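Look for chain A in each of the two complexes below; its partner is chain B in the first and chain C in the second.
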Partner chain A sequence: MRGKGRPFILLALALIGIFFLLPMLWLVLTPFSAEPTLAVKVAQPSLNNFHEVAKNRTALIAFKNSIILSAGSMFLVVLFGSLAAYALSRTRFAGRDTILSMLLLFSSVVTGVAAMVPIYTLNSRLHLIDTHIGVILIFTAGFLPTAIFILKDFMDGIPRSYEEAALVDGSSSINLFRHVAFPLARQGLAVIAVLTFVNTWSNFLVPFVLIRSNEKLPIAVAIYQFFTEVGIPRIGVIAAYSLLYTLPVLVIYFWISRRYGFGFFGGIKG
Partner chain B sequence: MAEVKLEGVNKRFVDHTALSGISLEIAEGEFFTLLGPSGCGKTTALRLVAGLELADQGRIWIGDRDVTLLAPAQRRVAMVFQNYALYPHMSIAENISYPLRIRKMPKDRIQDKVNSVADKLYLGGLLDRMPSQVSGGQQQRVAVARAMVQDPLVYLFDEPLSNLDARLRLEARRFLKRIQRETGITAIYVTHDQTEAMAMSDRVAVLNDGRLMQVASPEKIYAEPANVFVAGFVGSPPMNLIEGKVEKEGLGSRFFAGEFSVELKDNIPLENGANMTLGIRPEHVFFEPGEGFLRYEALIDDVEQLGSEMIFSLSIGEVVLLSRVWKGHAPNTGERAEIYLDPSAFHVFDDKGNRIPCGSLGISRG
Partner chain C sequence: MVSSTIIISRRTSAGFLFPGLVVIGIFMVFPAVWVLYLGLTDESLTGIKSVMPSFVGLGNFIRIFQDRFFYNALRISFIFVAGSGWVGQVALGLFLAVILHNEKSWLKPAINAVTVAAWIIPEVVVAYLWVAFLDHDFGLLNRVLGLFNLEPVNWLYHHALFSIILFNTWRGTAFSMVLFTAAIETIPPSFLETAQVLGASGWRRFKDIILPMIRPVLLTDIILITLWTFNVFTPFLLTQGGPSFKTEILPIYVYRTSFQYFKLGYGAAISTILLLINLGFAIIYLRAQRRSKA
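Up next is the complex of A and B:
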């Protein structure tokens, strides 16, 4: 970029940046306004909105539900994803590569709109309608293929010599996984854990279809209620609730980033 | 400790045969080396004994047990890898104790064993560090410690010294040999470095291209190489190998290689016109006459000054010879000089490259 066009391009980029930044600013500032509007400013500083949220039992329970759904999915995806990825990485069998390519396609199918009727039917037959575990299983099934695909690549990057040393040291296959592969795949697992959490945290469709009772709804669905209570959206409270809603994701991101680092291709030292 | 036996072992990989027809008997407590160039199959053979590969044909015994189909964990062997393969996410102590922990040994016994092995290998204060925090030499000793702590029947070493710098390698070489002698455990050692093999082993098996070339003590391999490959592989600088033909004239025969020729006695079992390779080690090519030595005139092509010795490259016609002499009288590059060959040091190989035994009486001055 040089010369004449430059100032215009910079201007355009700045405008786009502001365009994206404004809603976030609104989200951060509005909860602290007593008279909230759609403008980006703090009208009358107060914490009233947060009090309203704290008083609302459904809101708090929804928070808990969201955590249950996302943490549960995260746990299952990491566990089964790592096992499957390890197996796919270390074994060779006819059709393995085909399976791998197909994995990538499956993910988008399971939690897409088109699959909702079959998913409802499936859960219904398994008596899993209106249960958390039903939703967790669907989330897991939806994200697992992508997770396996990514983790397999990561497992491929772990040198086999550690497993060979462990074999001669006397390990069984399970020991190999527990003591060598799983710990060494930490960074990839951390990425998958966060991705699963983030993807399921804001998922509206699946819990909307599968959960009937109000007290089991996660935030993504429950936040709807704040709209329809009186017919008039209570902007301040919604904003406050939304702000709180983003916190767990940020927490998880920073915690895992601190503890494990996000090094996909960083390799293993030592 | 136990003896190890391989019988008729073959191993093929997708595109090539790694080992064919390998049969070896390694005695209890022996330091046995598999020596050869890259790709000769020595590491494959070691991995077969470890159980990391499965033989296509043949059997493997450790002690009196046929272990051919057993998993590594069941063979009671311990292996030291070329890159050490220390578990990067475990401390030194955890690395060393790993084999004992997964065998569910009681914790206090593990503690004692780890400490005693660590002391023997001078790893005392390092037990809480991570592998990335210790030096290469220390990492290597940790790998050895992890093997020692298991009290195996056989030690398997896969080029454990090749990642160390030259000075460390010498120390580590003596160190490993001492450890093996003290524990008395059978050791199978793989290396491409012939000096290492010569210095450390009770016996050496030289491999090339998946086949055994010779199995003997280091002295015998050096003094009586079984074929041209072994002759040229062991020894630094390598043995001079002169390819030529035999000519029989009446009752006598001569070896010819261009301008170079040597008279052979009748008991050489080679026909007229047969190809033959004559070998003589550089340390047997002299600039001073000696009893029974053969005299030739040569052109000095190059001199390498190594401090304590000199390596000369000289030519007799088309035949190039290397000579290794200690400091002393030395002609210069470009000069002609008289050289003397000790006929009792000649090695004779037939057209297939195999050794023809001949005493000093087999060859005489031409």
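Up next is the complex of A and C:
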């Protein structure tokens, strides 16, 4: 693109870049400001907002809750996902691929608020409203199809000769899985684990609908409550808390995309 | 290549599949089917109807088609998908991918970084960032306009729909951009070089080479973006659907009906319609994929 149009293209790119950058400046500057407001300004630097977060009971409890939800979903998705993917990768039966694509279809269709109506009703019948396990099971069911799909691909790439050798030594199926296949697939499992963690961590809608009591809310909903209920006086806390909440997500995504390429998580986000 | 050794028996294999399929079956497949029934009842979030809902047949559906809020939400959703999905994310993503594909300067990684960051920051945080960005008195957008001597605008009040369209474009352009960038990279460079030597303009190279070569990806992208944009709930965090229902897209309408007005049965009927629309998008997607493979 070297031509007479070049200056215009540069100008367009610069404007688009600025458009994307501007809303983020607030998140970078305000947490460190001594007088936080909704305005973006470079004020006297201060770590006071972070001290406020550390003293805020709601913020700390929500942090713990987010870890419970994310780690719980991560554990179940990796455990159930790897078992299922292993079974699908090592046995052939009629309709195997159809099952998998039907599940993927379901997981892309059953999404958003429309899915939350029957999910809420189901969880309330099962007495799972306002419980962490209820939320974890919903996330697990939502992420599992994609996780199984990716993990099966991954396990298909692992040579069967290791397992055949172990089989000759007389290993049971479960030991074969635990000591041979699971360790060999750990790279793929790590990616699924991290993506499940981050997606649960970032999700707002599911806990917003399914959790009622304040002491069980994860960070996503706690931040929302901070800004709808407490509002302006708490801007410094909201800013610092948002930054602490966002950083792990940014670090993890940029790490994964550097290692595995961006396309890898394109399908699983959301 | 297929080894004949049986590594795990069928029975073990079924055992391994069982826990995952049970969770998916109960917490995803069942709700999706059950919603069809719930939509035929007067289930409520609270009170006697939450324990003993009664069957009302197609009553909910008849009411939906007489409900002006439904038509309002349908219309707003369409504008929102067209504006932020097609014109916003798809077109802007395509534009960026095409312009940047042989850009060598630092602009390329810089634009990549900011768009991807906008895409992955958790939704509550991006919503709050935009509330701050669009704020009438302090917001950065009005400050920037002030530099050009323009009057401050009350974005979330007077231009609410435009604001959430702008917001959602900002939020999601990265996906399309990255998808198109990958697609353009698969075009043999000699095609574009030859065209350039022959003196084809940038627009001709785009229209006659790039566009036909990435058509399958373009279709995939449009369908996925439509599906996602149609279901996105984040605008609720900016406007709660207001002022006076001007930004009430269908997901917000479902949320208000089901969880703020407690009419779960009615909400389930609307959800049924939305899930069927989603299914329609998914089927179009699968067909397009199959055709592009064939």
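One rule holds in what follows: the second predicted complex is superposed on the first by the 228 of 270 C-alpha atoms of A that agree within 3 Å, B and C clash if a C-alpha of one lies under 4 Å from a C-alpha of the other, contacts with A are read in each partner's own complex, and residues count from 1 in each chain.
Definition applied: a contact is a pair of C-beta atoms (placed from the backbone, for glycine too) under 8 Å apart; a residue touches a chain by one contact, two chains touch by 3 or more.
Please read these numbers as outputs of a predicted model, since none were measured by experiment.
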Check: Which partner does A:Tyr224 reach: the first (chain B), the second (chain C), both, or neither?
Finding: second
Note to self: Just to be sure I read the superposition right, which of the two partners does A:Leu167 touch: chain B = first, chain C = second, or both, or neither?
What the structure shows: both
Check: chain A residues in contact: does chain B have more, or chain C?
Finding: C
Notebook entry, point to check: Between chain B (first) and chain C (second), which, if any, makes contact with A:Pro7: first, second, both or neither?
Noted result: neither
Note to self: Going by the contact rule set out at the top, does A:Ser124 touch chain B (first), chain C (second), both, or neither?
What the structure shows: second
Check: With the two structures laid over each other on chain A, which partner does A:Asn175 touch: chain B (first), chain C (second), both, or neither?
Finding: first
Margin query: With both complexes overlaid on chain A, does A:Gly95 touch chain B (first), chain C (second), both or neither?
Written below: neither
Check: Thinking of the overlay built on chain A, is A:Leu184 touched by chain B (first), by chain C (second), by both, or by neither?
Finding: first
Next item on the list: Could you tell me which stretches of chain A are touched by chain B in one complex and by chain C in the other?
Entry: 164, 167, 269-270
Next item on the list: Note which residues of chain A are touching chain B in the complex, please.
Entry: 159, 161-162, 164-172, 175, 179-180, 183-184, 186, 268-270
Checklist line | chain B residues touching chain A - in the complex, by the definition given at the top | finding: 50-52, 71-73, 77-79, 81, 83, 85-89, 98-99, 102-103, 130-132, 146, 150, 156
Check: Along chain A, where are the residues that touch chain C in the complex?
Finding: 1, 3, 5, 9-10, 12-14, 16-17, 19-27, 30, 37-40, 76, 79-81, 83-84, 86-88, 90-91, 93, 103, 105-122, 124, 137-138, 140-142, 144-145, 148, 160, 163-164, 167, 173-174, 176-177, 201-202, 204-205, 209, 220-221, 223-224, 227, 238, 242, 245-246, 249-250, 253-254, 257, 262-263, 266, 269-270
Item checked: Interface residues, chain C side, partner chain A - complex -> 3, 5-10, 12-17, 19-21, 23-24, 26-32, 34-35, 38, 43, 45, 50, 92, 96, 99-100, 102-103, 107, 110-111, 114-126, 128-133, 135, 137-141, 143-144, 170, 173, 175, 178-179, 182, 202, 227-228, 231-234, 237, 251-252, 254-255, 258-259, 264, 267-268, 270-271, 274-275, 278-279, 282, 286
